[in-house]
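Look for chain A in each of the two complexes below; its partner is chain B in the first and chain C in the second.
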Partner chain A sequence: MMAFLLQHAPPLVIALPLVAAFAMPMVSRLGARAVKAWALLSLLATESLVLLLGRDVMSGNPHVYALGAAIPSLTTPAGYPIRIIIEVDAMSAFMAMICASISVLVCMYSLQYVRKKGGQDKYYTLLLLMTAGMMGLVCTGDLFSMFVFLELLSVSSGALIAFYARRGESSEAAFKFMVVSSIGALMVLLAAGIFYGQYNMLNLAAIGGMLRFGFLDKVALVLLVAAFAMKCGAVPMHMWVSDAYGEAPAPVSAFLVVASQASLYALFRVCFTLFGVAAATEIMGWALVVLGMLTMFIGVTMAIPQKDIKRLMSYHAVSQTGYMLLGVGVCLAVLGNAAALGSFGITAMQGGLFHVVNHAMYKGLLFLAAGAIIYRTGTRDLNKLGGLAHRMPLTAIFFLIGAFSISGLPPFNGFASKLMIYESVFRFNPLLSVIAMLTSILTLASFMKVFHSAFLGPELPEYRGVREMPPAMWISMGILAVFIMLFGIFPDLVVQYLVGPASQALLDRIGYLGGVL
Partner chain B sequence: MMDLPFIAVMILIMLGISAAVLKRNMIKIVMGVSISASGINLLLVALGYREGGVAPIFTNAPAAQMVLPTPQALTLTSIVIDLAVTAMMLSFVILMYKHYGSTDSRKRRLSG
Partner chain C sequence: MTGVLMTGAGFWSPLVWLAAFLIVLAIVLLIRSTGRKKFRHGTDQTAAFFSGNEAPKTHVKAGNIYWGFFVTTGRYYRWLQRMHTGIINDYVYGFVLIMVILLAAVTMGGLL
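After this line comes the complex of A and B, so read on.
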């Protein structure tokens, strides 16, 4: 039974949330409790399948699954591959584990957070669809499926951003998000068309193996990088992030962070696996580094003057994406230079990937803490909030853990990954490292301002009746907080068992290509 | 002559994207996105065209080699996705029109 599940796990992790989502209208006939139980149970099942798959993949056993063919290498008589490949290597498994774990916590938090009458079944349907989209995006080995799952992810997250449709702003944010992400997805489709026209293939590994890197390939590279950078919220196109994260319900914002990281995964996959060393990696790497620096610095400077608590956190999310781009960009820039790659390139990439998982956790915790404040007080305006630590001590503690972690203070997990980025980037170019540290200090300053204005000070009369958040909310936040501490105290174990294999898989282009051909 | 469809397709995509970027009316933005999506669908169909090829319909085809139907399959999938995206964006425009009484993208509140 276990072996059967493990063998078919790659398509199942995508199919399970998808089927559960479409079964939701039927389940909703049984009442509101059934809807919640169904959503939580199917996400838990997905999570356990992903963990089962992840454990196997991380121990050096990548899975290649062919849909529509008995063996992955089946071709037509003319030699064109006809099958859809799902290829899960350690990097995909790493991302899938992040997505699945956060989805369970977000669902648990939503059980009490989402109180809107009549929209419950739709909310959980969309949440399950988002999970399916992310799982597909990180597991697929096919450029066209990547487009399909990207669109599935965008449509379902667009609908969730506009969940509070009676507010005009949320529709506005959702519209902006949809325009940006549909143009981004169309660019991916255009790139897929360009590749299909040249090589008659859509499979990432097969295209990577035949790549000539001519003019059209360069156009496709630019299209793909631009599209995924747009979708992960890198700076010139960061304007949708603050609106979308700010206007979505708080658990959805926490989940959208992971959705952006799935696009970041696609960006790294394209740069490292599809193109690899052949494609002028130094220029590409520098492009990512510059994008990362701009994202980091502009994000944090835009965050400082914000008065809306969630909008402020959204700009910080933009800024933190910059660290991941910086770390992985440095590795890409020295990919052709074996000595530099060995001495600091790999550490930089591990720092960047470690920051991905840390960001998903602490940013999730911060958004959920903001959600708890909004849930109890009904306002997001920092000028109106104050003195909440008297009434909501648990929220205050969770918020502080998240804030210390995002600012890179020891012993929280943000410190571990940022230290790896600082020390490796310093050997690449000291100036970049200095700017990264400066950004961290500004982040800390900004979060201390939020903590001070929301939690400290005398108790305000209008919040005298405020109580601590309900159990489902603090349990999910507590789990996140515990993992943040654990990852901060034992970073070496995380790097050894999770981040190390993932970065190795991303660097091992030949291995990924060889899995299919 | 062979490149003519591709040039037309590129013009269509550029027109769509420029409309989405430059227009102020939100309905026109949706139209721009939709036009560039159609342009890309046409590109996929044009890529799949083979002169004198046999359509891959099993019941009527002669026992010769048929065209590989991948581009057509991609186009169909992409049309369905475009429909969902367009419907979604238009419904957001309706909601915003109800709220702000205008489809002008400058009359909005989220900024900075």
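After this line comes the complex of A and C, so read on.
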């Protein structure tokens, strides 16, 4: 049974949340409790499958699955790849584990958070569709499927951003998100068309194997990089982030962070696997580095003056994406230089990827803490908040853990990944490292402002009746807080068993291509 | 060795940091325990010292924090505000701008 599940796990991790979403209208006939139980159980089953698959993949067994083939491993029956092929290497498994884990915690938090709101069946259906979209995006080995899953992710995310449709701002944010997402997805489709016209192939490994890097390939590279950079919120294409994250329900904001990271994965996959050293890696690497620097600095400086707690955190999400772009960008820039790659390039990439998983956790925790504040006080305006630590001490502690982590204070996980980025990037260009450290200081300053405004000071009369958040909410936040501390105290184990194999898989272009061809 | 992260140019050991933190904490608690124990809650003995005056029970609101920073960096923030118009057309301009720059860099980079 286990062997059967493991063999068919690559399509199942996508199909399970997808089927669960389509079954939701029938389940909703049984009542609200059935809807919640169905969503949580489906996501738990997906998480179990992803962990099973991830354990196998991380131990050195990448999975390749041809959909519709008599034997799933039969990828090239006629000498070239046909059918949709799912390829899960350590990098895909790393991302899938992040997506699945956060989806479960977000669902658990939502059980309480969206209790009073209408349309719960639609909420959980969209949450399941988002999960399916993310799983598909990080597991597929096919460029057209990547476009399809990107669209699935965008449409479900857009609908969830507009969940509080009675607020005009939510509908406006969803509209802007859909416009930006549609343009991005169109560019991905155009790039897929360019490849199909030239090589008659849509499989990433097959295209990578035949790539000539002519003018049209360069155009396709630019289209893909620009589209995925916009979807992950790189400056100056970041403006949708503060609208979308700020207006979505808090658990959806936490999940949107992971959705952006799935786009970041697609960006890295295109640069390292599809193009690799054949492409202008130094130019593209520097492009990612410059985008990363702009993203981290403009993101954090835009965050500091914000008075809306969720909008402030949205700009911080933009800023943190800059660190990931910086780390992985440095690795891409030195990809053609074996000495520099071995000396600091791989560490820079590992720092960037380590920051991906850390960011998913601490930013998730911070958005959920902001949600707890909004849930109990009914306001998101920092000017109206104050003294909440008297009534919500647990939320204050969780917020502080997330704030220390995002600011890169030891011994939290954010410190470990940032230290790897600082030290390796310093050897590439010291100025970049200095700006990255300055950004961390500004991040700490910004979160001290939020902590002071919301939690410190005398108890305000209007919040005298406020209570601590309900159990389902603090349990999911508690799990995130525990993992933040564990990842901070044992960073070497995370790098050894998760980040190391993922970075190795991203660098092993031949291995990825060989899995299919 | 478990708990030691190689960071490229050095290493980071959170367990050693935690041990040092606990030792410092123990010393702080030890010093604190030598303090006067007989005091009355809710009196001047536990009130914050405010130059001999009664400490005001006010809360500095978020909009007033870092006032000096924003005054000093006013020009930068005015530029940032002009950039963040909230108009969807400007969002797309940013995307087009980056595409053009990347295309120029990638195609001309090959010629150099």
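In this section, the second predicted complex is superposed on the first by the 503 of 517 C-alpha atoms of A that agree within 3 Å, B and C clash if a C-alpha of one lies under 4 Å from a C-alpha of the other, contacts with A are read in each partner's own complex, and residues count from 1 in each chain.
In this text, a contact is a pair of C-beta atoms (placed from the backbone, for glycine too) under 8 Å apart; a residue touches a chain by one contact, two chains touch by 3 or more.
Owing to the predicted nature of the structure, the values given are computational and were not obtained by experimental measurement.
K.L.:
Answer with first, second, both or neither: which of chain B and chain C does A:55 touch in the superposed model?
P.N.:
Neither partner.
K.L.:
With both structures superposed, pick whichever of chain B and chain C touches the larger number of chain A residues.
P.N.:
C
K.L.:
Does chain B (first) or chain C (second) touch A:386, or do both, or does neither?
P.N.:
second
K.L.:
Tell me the contact category for A:225 with respect to chain B and chain C: first, second, both or neither.
P.N.:
The answer is second: A:225 touches chain C but not chain B.
K.L.:
Please indicate which partner A:173 is in contact with in the superposed arrangement: first for chain B, second for chain C, both, or neither.
P.N.:
first
K.L.:
Once the shared chain is lined up, is A:122 touching chain B (first), chain C (second), both, or neither of them?
P.N.:
neither
K.L.:
Check whether A:183 is in contact with chain B, with chain C, with both or with neither, and answer first, second, both or neither.
P.N.:
A:183 contacts both chain B and chain C.
K.L.:
Mind working out whether A:307 is in touch with chain B, chain C, both or neither, as first, second, both or neither?
P.N.:
second
K.L.:
Looking at chain A, which of its residues have contacts with both chain B and chain C?
P.N.:
175-176, 179, 183, 243, 302
K.L.:
Given the complex with chain A, which residues does chain C contribute to the contact?
P.N.:
Residues in contact with chain A: 2-10, 12, 14-15, 17-18, 21, 57-63, 65-66, 69-70, 73, 76-77, 80, 83-84, 86, 88, 90-92, 94-95, 97-99, 101-103, 105-107, 109-110.
K.L.:
Touching residues of chain A toward chain B in the complex: what are they?
P.N.:
76, 78, 80, 82, 144, 147-148, 151, 154-155, 158-159, 162, 165, 167-169, 171-176, 178-179, 182-183, 185-186, 189-190, 192-193, 196-197, 200, 202, 243, 246-247, 302
K.L.:
Flag every residue of chain A that touches chain C in the complex, lowest number first.
P.N.:
Of all residues in chain A, those touching chain C are 175-176, 179-180, 183-184, 187, 215, 218-219, 221-223, 225-226, 229-230, 234, 236-240, 242-243, 280, 282-284, 287, 291, 298, 301-302, 304-305, 307, 344, 347-348, 351, 382-383, 385-387, 410-411, 415-416, 419-420, 423-424, 426-427, 445, 449-450, 452-453, 456-458, 460, 488-493, 495.
K.L.:
Note which residues of chain B are touching chain A in the complex, please.
P.N.:
Spelled out, the residues of chain B in touch with chain A are 13, 17, 20, 26, 29, 33, 36-37, 40, 43-44, 47, 68, 70-71, 74, 77-78, 81, 84-85, 88-89, 92-93, 95-96, 99-100, 108-110, 112.
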